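Two complexes follow with chain A in common, the first pairing it with chain B and the second with chain C.
Let's look at the complex of A and B:
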C-alpha cells in the first residue's frame, strides 16, 4: 500500500537525495525505470539562470515530487527564507527543514527546526523536518502540524545505519504522522531494517550517490525498501532464544487423548 | 585562544624530533577516528609512499562522505593591481615599477558578463592590499554589481573591520579568503616589515571578524615556500580547526597555494614538491573531514585532474591573474603565473571524465538579506 502524505499517494517509499550525485542525468532514469517519486533538492544548488544542462531543474521530471531542502540555513529565519525562495523556483511546497547545528557530524539543530516548522506550516508548506531522533521534539512537531518527521538513523554520510534503534522505535510507536528515516543509511540491509521497524519511508543520498553505480545502487535500495515494507505489513516474527514448536505439532499434541 | 593554539603548535614543533621517531605508528594513526595534534604532525612529516597511499584512500572515503562526487567551480577576478605592500614574493608588490590598473564600473560589468558566459556562478574578487586606490567603497560597489550575476561572491582583499564585512554581507558577500602567508611571526615580520600588511595579529583574526559579520565561509592558507612548509601547514590546519570549533555552522576552507614565480627575482627558501603537496592535502582531509579544500590553477592540469576525489572540494577554472582579462585582451602583468590554462569548459570535461559532477551553484542567488 502506498504512503499518503497530505492527500498525495506516494507508491515508492524510497526517497532519493540529489546533492552528492556524480551526474544528474541518473535522476530521470531512476524516476522512469525504478519508479522513484520523491527527490530531495537543496535550494542552494538551484539557479535557474545557469547555462542549460547544468541546473538540476533541467533534470527533474515533471511527474516527480520535489522535496526542497533548506541545507545551508544556520537558523530558523534563514530556513524560512530559503524555503520561500525554493517554492518560488520549483513550485513545490514540500520542504525538508534542514538546519545544521554544526558541520562536522552534520547534526540538526532541533530547537531552530521547531521554530522554522511553526512558521512554514502557517505559511502553507508541507513540512518535513530533519531532526535528531528525539520523541519529544517529534511530538511538538506533530502538534505544530508538520506532514512527517525525518529523524536521522545515524549522522549524514556515516553509512552506520540504524544506530539509535530504540529512540527511532519510540518515535515510530508514539506519533501518528509518517516517519521518514533520513541520513546514515549506508546499505540496502539498513534500509530494509528501517522499513521493518515501521518507518514509512527512507531518504538516501550518500550511499547511492557515492557508489560505483548510482543507478544500480538505487535499484538495490529500491528492492530492499520494498522487502522491508512487505515484511513489516505482514508482521515479523518475534526473535526467541529457544526453539518454538510449530503450530501443527501443537495441534497434534493437543489432539492426543 | 587562537594564539594559545599556535603556541601549543610551537611546543609540538619543538619536540618534533621525538615525534618523528614514532614513525612506525603512522598506519595506526591513519586508522584512528580522532587524530591528535601530535598525530597530525607525524602524518605531515612522514615520508613513505606506502602510507601516502593509505592516506589517499582514507582521504577519498572521507571526501565522498562529506561532499559526495562533486567539485565546486569558481573563477577569480582581479579588480586592481594597486598595492601598498612591498611583498617581495608578489607580482603586484608596491616596489615594482609595473603599469597599475583598476577596473572601472563598465569594465567590471564586462568582465562579469564574460565570466558568466562560461557557466561560472561563483566568483572570487581580488585586489591588492591598498585601501587608498581600492577603498572599501570600491569593493562594496563591485560586490553589489556581482550580486546580479553570481550566487556566490567571495573577496580576497585586505583585512577589514567587522563592521565593513557586515555591510558587504548585506550587499551579497558570502565568503572571505585571507591567507596569512606564513604563521611564523618572525618570518612574517621579515617579509612584511612595513606597509598595511605588517600587522600580523590583525590579519590573523580576519576570518573571525568576517564570520562575526555573517559570512557563510572563510578560507585560510599560507604561501607555501616562504617559510618551513611543515610548520605553516600544521598551523594553518590548526587555524581551520579552531575556526570550525568556534563557528560550528560556518563553512571553513583551507587552501595550499605553492609559490609560483612572478618574475620578481624572489627566491623562496623552501620547495614543496607535488608529493609533499599531496601529503598536505590528505592530512588536512583526514584531520578535518568536513573542511573544504581549494586547489587553484597554480597547479598543472595533470596534478589537478589526479587529485579529484582525494580531498579537494573546490577548484578555480579558466583563471587569469592579470587585472580583468576575461572580457578584454589588453591586460596588465600577472600576480603569478598560472599553470593550468585550460578553459572552464575543458576543466568541466576533465571533472566529468573522472566521474565527478562540476557544481556551479553553491549558494542562493541574490542572498537572503
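Let's look at the complex of A and C:
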C-alpha cells in the first residue's frame, strides 16, 4: 500500500536526494524506470561562468514530487527564506527543513527547526523536518502540523546506517504522522532495516549519488526498500535465544549401521 | 555593491545588472538585502552602492 502525504499517494517509499550526482540525466531515468517519485533538491548561489545555463530544473520530471531542502540554513529565518526561494523556482510546497547546528557532524538544530516549522506550516508549506531522533521533538512537530518527520539514521553522508534503532523505534511507535528515516543510510541492507523497523520511507542521497553507478545503486536501494516494507507489513518473527529447529524433531532415521 | 559576495561597480536597475553580468534571467531568484525581488519588479529596482545582492537557483541536494 502506498504512503499518503498531503493527500498524495506516494507508491515508492524510496526518496532520493540529488546532491553530488555526477549527471542529472539519471534523475528522469530513475523516475521512469524505477518509479521513484520524490526527489530532494537544494538552493545555492549561482555563478554564470560555472553554471553556463545548466540547471537541475531541466531534469526534474513534471510528475515527480520535488522536496526543497533548506540545507545551508543556519537558523530558522534562513530556512524560511530558502523554502520561499525553492517554491518560487519549482512551484513545490514540499520543504525539508534542514538547519545545521554545527559542521562536523551536520547535526540538526532541533530548536531552530521547530521555529521554522511553525512559520512554514502557517505559510501553507508541507513541512518535512530533518531532526535528531528525539521523540519529544517529533511530538512537538506533529502538534505544529508538519507532514512527516525525518529523523536521521546516523550523520549525513557517514554511511553508518541505523545507529540509534531504539530511539527511531520510539518515534515510529509514538507518533501518527509518517516517519522518513533520512541520512547515514549507506547500504541497501541499512534501508531494508529502516523499513523493517516500520519507517514509512527513507531518503537516500550520498550512497546513491557517489556510487560507481548511481542508477544501478538506486535500483539496489529500490529493491531493498520494497523488501523491508513487505516484511514489515507481513510482520517479522520474534527473536529467540536458542535454536528452534526448522525440520521436524521426530521420526528420525535410526537404522543406519 | 556586493553581488554574490563579489564587489561590483554598477549604476542601473536590477535587470540591467543581471544582463551586464551575464546571469541567466530564467530559473533564478534574486534577493536584494535578503528580500526576494519578483521578476516583474526587476526593472523597478534601482540599485544603490550599499546593496547586497544574491542570485540563486536550484542545485542538487539531499
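The rule is simple: the second predicted complex is superposed on the first by the 233 of 257 C-alpha atoms of A that agree within 3 Å, B and C clash if a C-alpha of one lies under 4 Å from a C-alpha of the other, contacts with A are read in each partner's own complex, and residues count from 1 in each chain.
The definition used in the following text is that contacts are C-beta pairs under 8 Å (C-beta built on N, C-alpha and C of every residue); 3 or more make two chains touch, one makes a residue touch a chain.
What you are looking at is a predicted structure, and each value in this text was computed from that prediction instead of being measured.
Enquirer: Determine, for the superposed arrangement built on chain A, whether chain B and chain C clash or fit.
Expert: Here chain B and chain C cannot both sit on chain A without a clash.
Enquirer: A:47 in the overlay: touching chain B, chain C, both, or neither? Say first, second, both or neither.
Expert: both
Enquirer: Using the touch definition from the top, say if A:30 reaches chain B (first), chain C (second), both or neither.
Expert: In the superposition, A:30 contacts neither chain B nor chain C.
Enquirer: Based on the superposed arrangement, let me know which partner A:224 touches: chain B (first), chain C (second), both, or neither?
Expert: Touch partners of A:224: none, neither chain B nor chain C.
Enquirer: State whether A:103 touches chain B only (first), chain C only (second), both chains, or neither.
Expert: first
Enquirer: Is A:81 contacted by the first partner chain B, the second partner chain C, both or neither?
Expert: both
Enquirer: Look at A:210 in the shared chain and tell me whether it touches chain B only, chain C only, both, or neither; answer first, second, both or neither.
Expert: first
Enquirer: Looking at A:19 after the superposition, I want to know if it touches chain B, chain C, both of them or none. Which is it: first, second, both, neither?
Expert: both
Enquirer: So, A:38: does it touch chain B (first), chain C (second), both, or neither?
Expert: Neither partner.
Enquirer: Select, from 41-49, 167-175 or 203-211, the region of chain B that bumps into chain C once both structures are placed on the shared chain.
Expert: 167-175
Enquirer: In the superposed view, which residues of chain A touch chain B and also chain C?
Expert: Residues 19-21, 24, 43-47, 49, 51, 55, 81, 85, 205-206, 209 of chain A touch both chain B and chain C.
Enquirer: Looking at the complex, which residues from chain A come into contact with chain C?
Expert: Chain A residues touching chain C: 17-21, 24, 40-49, 51, 53, 55-57, 69, 71, 81, 84-86, 88-90, 156, 183, 203, 205-206, 209.
Enquirer: Help me check something: in the complex, which residues belonging to chain C touch chain A?
Expert: 4, 21-24, 27-29, 31, 34, 36, 54-62
Enquirer: So in the complex, the part of chain A that touches chain B is made up of which residues?
Expert: Within the complex, chain A contacts chain B at residues 19-24, 43-47, 49-51, 54-55, 72, 74, 78, 81-82, 85, 100-104, 106, 157-159, 205-206, 209-210.
Enquirer: Tell me, which parts of chain B touch chain A in their complex?
Expert: Contact set of chain B toward chain A: 64-70, 119, 121, 151, 216, 244, 248-251, 289-290, 352, 355-365, 368.
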